[in-house]
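The two complexes that follow have chain A in common; it is paired with chain B in the first and with chain C in the second.
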Partner chain A sequence: MWDSLRQSLDLTLFWEYRTILLRGLLQNIYIFFGGALLATALAFAIGAARLSKRGTVRVLSTGYAELFRNTPEYVFLIWVYYVLPIIFSRLLATKFNFSPYAAAVLALGVSYSGFLSETVRAGILAIPRTHIDAAMALGMSRWMIMRRIIAPQAIRRMLPEALNQYVSLFKATSLVSLIAVEDLMYQVSMITVHEMRPLPLYTGAALLYCGIIIAAAQCIQHLSDRWRQRGWA
Partner chain B sequence: MTTPEAIIRVVNLRKSFGPLDVLCGITFDVREGSVFTIIGASGSGKSTLLRCLNYLEQPTSGEIYLDGKPIGFRIEADGRRVPDTAANINRMRAELGMVFQQFNLWPHLTAIENIIEAPLRVKRLARKEALDIGRHFLGKVNLFDKENEYPARLSGGQQQRVAIARAMAMQPKVMLFDEATSALDPELTGEVLEVMRALAKEGTTMLVVTHEMGFAREVSDRVMFLHNGQIEEDGSPESVFNAPRSERCRQFLSKVLH
Partner chain C sequence: MLDNFNRLVLANLHTLGAGLSVTAYVCFFSFLLAVVLGAMACLVRLYVPFIRIVAIGYIEFCRATPIFVQLLWVNYVWPELFGFPKSVVGAGIIALALQSSGYLAETFRSGIEGLPKGQREAALAVGMTHFQIMRRIVMPQVLLVMAPSLVNQMTVVIKSSTLVSVIAIPDLMYEALKIVNAWFEPIEVLTSTALIYVVAIFLISMLAKRVSDRFRNKYGLAAQA
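Entry: the complex of A and B
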């Protein structure tokens, strides 16, 4: 019994297809970086807007964050790929289509900007009001204070939480095969159809994802330890 | 010898937080080069008064002038009073140094970086020049050897001295001290008071809110006692400490001096 299990789990099959699989994985990595960049940029804008003095700005940005935090990534991905082009086509009165890649980056980026904006907001709120008073008393402008006093401290506070979000985002890139992006999971299913051996292929994919995330987490841990040693607490 | 001008003039200043009147019509002048001390019980409005001067709190009404120029508002050609622009308020703030009870150093910057931040960004000095000024003032507060330390590695007294150097590095017209020693352990207040004494001796104009009655009596040119947002007693340190006219001031002093 054990022998047969070991045979069917034989990961050498995964190794044989390494070029195709690696090409798939690269797609995940591209989409991850695109999505992370978009999510981060939006998160800063939305996070800051949620602390605005203006009520309407606050309500709108909070609504945005709540909407995307509470919509499953999968549902939103499908919606962006299939529904959004229909809306755009009607509005622009021309045919409009997303490439699956653009849809994936957009959907994941916007989706995670909801979560991340909460992290940004909390990070900014954690900066004591007194630090801002001191900067104001020296004649620094609001923008200068945001950039020089709040952001550097807030980013350090946000980092652990933000990294968790990035890990989730990387995991979520495995959904993009569902809109025909030729990522790792897409290639795995294609090869499975061909080879009829799901066990080593899907197991290999799971281990690969897990390994990448553990390795990335190690690097990050190392970096933040070094920051802490420099007294940036 | 010319008579020293009023560098700060406060006229009928009022501040309310909702229904609570914190300052109820305060009027006074601070002469250039003098030390003006504000004493009073907690909640008497001392800190609010100081924070109104540089517009960290917006006064409800009344006027403040720094070196003859109104703070926080402009008089239009037709005589109307309009709120001043944020840029002008920032420019005015740069001329008023402020030292806080909790030091408020920025923890992500070293001592010298804390000090040169505003000279670099607000005054747009060259880095070299800002560093020279920063080191000069760091030396003045006797912390020349601590320039590369982060605030977390400095004692409270050292942090407060860096904060004083940070405010002085902007070379302000007036220094505001908001209970600068209240958060310090008794054995650390001495080193901060010593720095403040030295600044006073050099002729720095200082507005000091303090609970250190010895310091107030010894260093001040003028002492004001606030009670419930009003000036109860006001005069030379001798007259306020030795012969207060107001009953409340007498009670307050008898409590804090023993």
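Entry: the complex of A and C
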């Protein structure tokens, strides 16, 4: 056991392949940003639609959020990659194909928009009605109320929960290796096949993810805490 | 389309059913293990000062590592490192449990720390032992407060369990992908599989929420919104 423990913590192999692994990690980061952007945009749209005055809009957007909150990311990823192109090709009557990158961004973005829309909704709901009434009494337009009263407060309230969702999203980017995006885990599997030494590579990958996520989450929390406090006069 | 549906989904219903039962088996045991491990990690973190750092490290590691990475790590590294698990099913269960135990430990902790301190002092004053306080004052309340997060974590376990197909556990996703690879007709099978998962997760979370709301109402906590 001690020998295998020493072997798994021996990171020379990890260092040897650092350029390939870093290139893989970069793919993770690209897909994370693409997915986060898509998820955030969709979440604001859906979250606002769930508070709409019109019943149909409300029902549809709630259905959307429930659907994607309950869909496993992996199943949805595979579905987007294999099924969606076929449906599109039949509809458009031409050959249509996703690159694995596009499929990954689309699947992860849409998956996480369900969770995030819940956060957006809660953030907007948490704003006291009187703030809006007061703004209206001052003669602000609806757009101005949204931009200057609701959004700054709602975003500050949402931030801690949204940060959790982004962490989950980053963790989920490890799945994209399964549709042959050449990300970190893909490279780790390839090197394992090549070197026949799974111990240090998989342990290294686990520790690397762990380190990145903890460090990034701590940093963002510190920075955002300062910014949030400024708004709570 | 309907032809394909009959040929690919209905004709293979027993295979998919067998897969679903493997999924259920894996989810059940990993969730059970996760609750036990999570409670242990939380108790160690709160009440055992000199190995607290180990518990904190464990919790942070479990929470900050993707489930997919943990799955491969447990599956490939643990047998050589610790001599177990001996089977892929064991590896799947342990990996899923690891991931959730980290989250559950934190939920437990916030539940315990959220209890008013006066209750504990009152219980000490009437002469209860620490074990009695845990069992009769703290645990019942913590479980009620935690119920919604427990339900939530259960759905997360089911969602993550789709990944165990990657290490060749014959769960629902594995059987579905096998059919896809045999016929190269992904539409019907994958869509049905996705719907089965969505419906199953939705039903289970509804049911669990019902049960937890019942208990919360009975013992004086408001039902969750």
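We take it that the second predicted complex is superposed on the first by the 223 of 233 C-alpha atoms of A that agree within 3 Å, B and C clash if a C-alpha of one lies under 4 Å from a C-alpha of the other, contacts with A are read in each partner's own complex, and residues count from 1 in each chain.
One rule holds for everything that comes next: a residue touches a chain if its C-beta (ideal position, glycine included) is under 8 Å from a C-beta of that chain, and two chains touch if they have at least 3 such contacts.
Everything quoted here is computed from the prediction, not taken from an experiment.
Set against each other, chain B and chain C touch different numbers of residues in chain A, with C touching more. By the touch criterion defined above, A:Leu178 lies against chain C but remains apart from chain B after alignment on the C-alpha atoms of chain A.
Contacts of A:Tyr112 after superposition on the shared chain: neither chain B nor chain C is touched. Contacts of A:Met144 after superposition: chain B is touched, whereas chain C is not reached. By the touch criterion stated above, A:Phe98 is placed in contact with neither chain B nor chain C. In the superposed model, A:Ile214 makes contact with chain C only, not with chain B. In the superposition on chain A, A:Trp79 makes contact with chain C only, not with chain B. Overlap of the chain B and chain C contact sets on chain A: empty, with no shared residue.
Residues 54, 56, 86-87, 90-98, 100, 102, 104-108, 117-118, 121-122, 150, 152-153, 163, 166-167, 170 of chain B are the ones touching chain A in the complex. Taken together, the chain C residues at the contact with chain A in this complex read 60-61, 64-70, 72-73, 76-77, 80-83, 155, 158-163, 166, 173, 177, 180, 186-187, 190-191, 193-194, 197-198, 201-202, 205.
Here chain A touches chain B in the complex through residues 128, 130-131, 133-142, 144, 148-149, 152-153, 156, 231-233, going by the rule given at the top. Across the interface of their complex, chain C is touched by residues 1, 4-5, 8, 66-67, 70-76, 78-79, 82-83, 86-87, 167, 171-175, 177-178, 185, 189, 192, 198-199, 202-203, 205-206, 209-210, 213-214, 217 of chain A.
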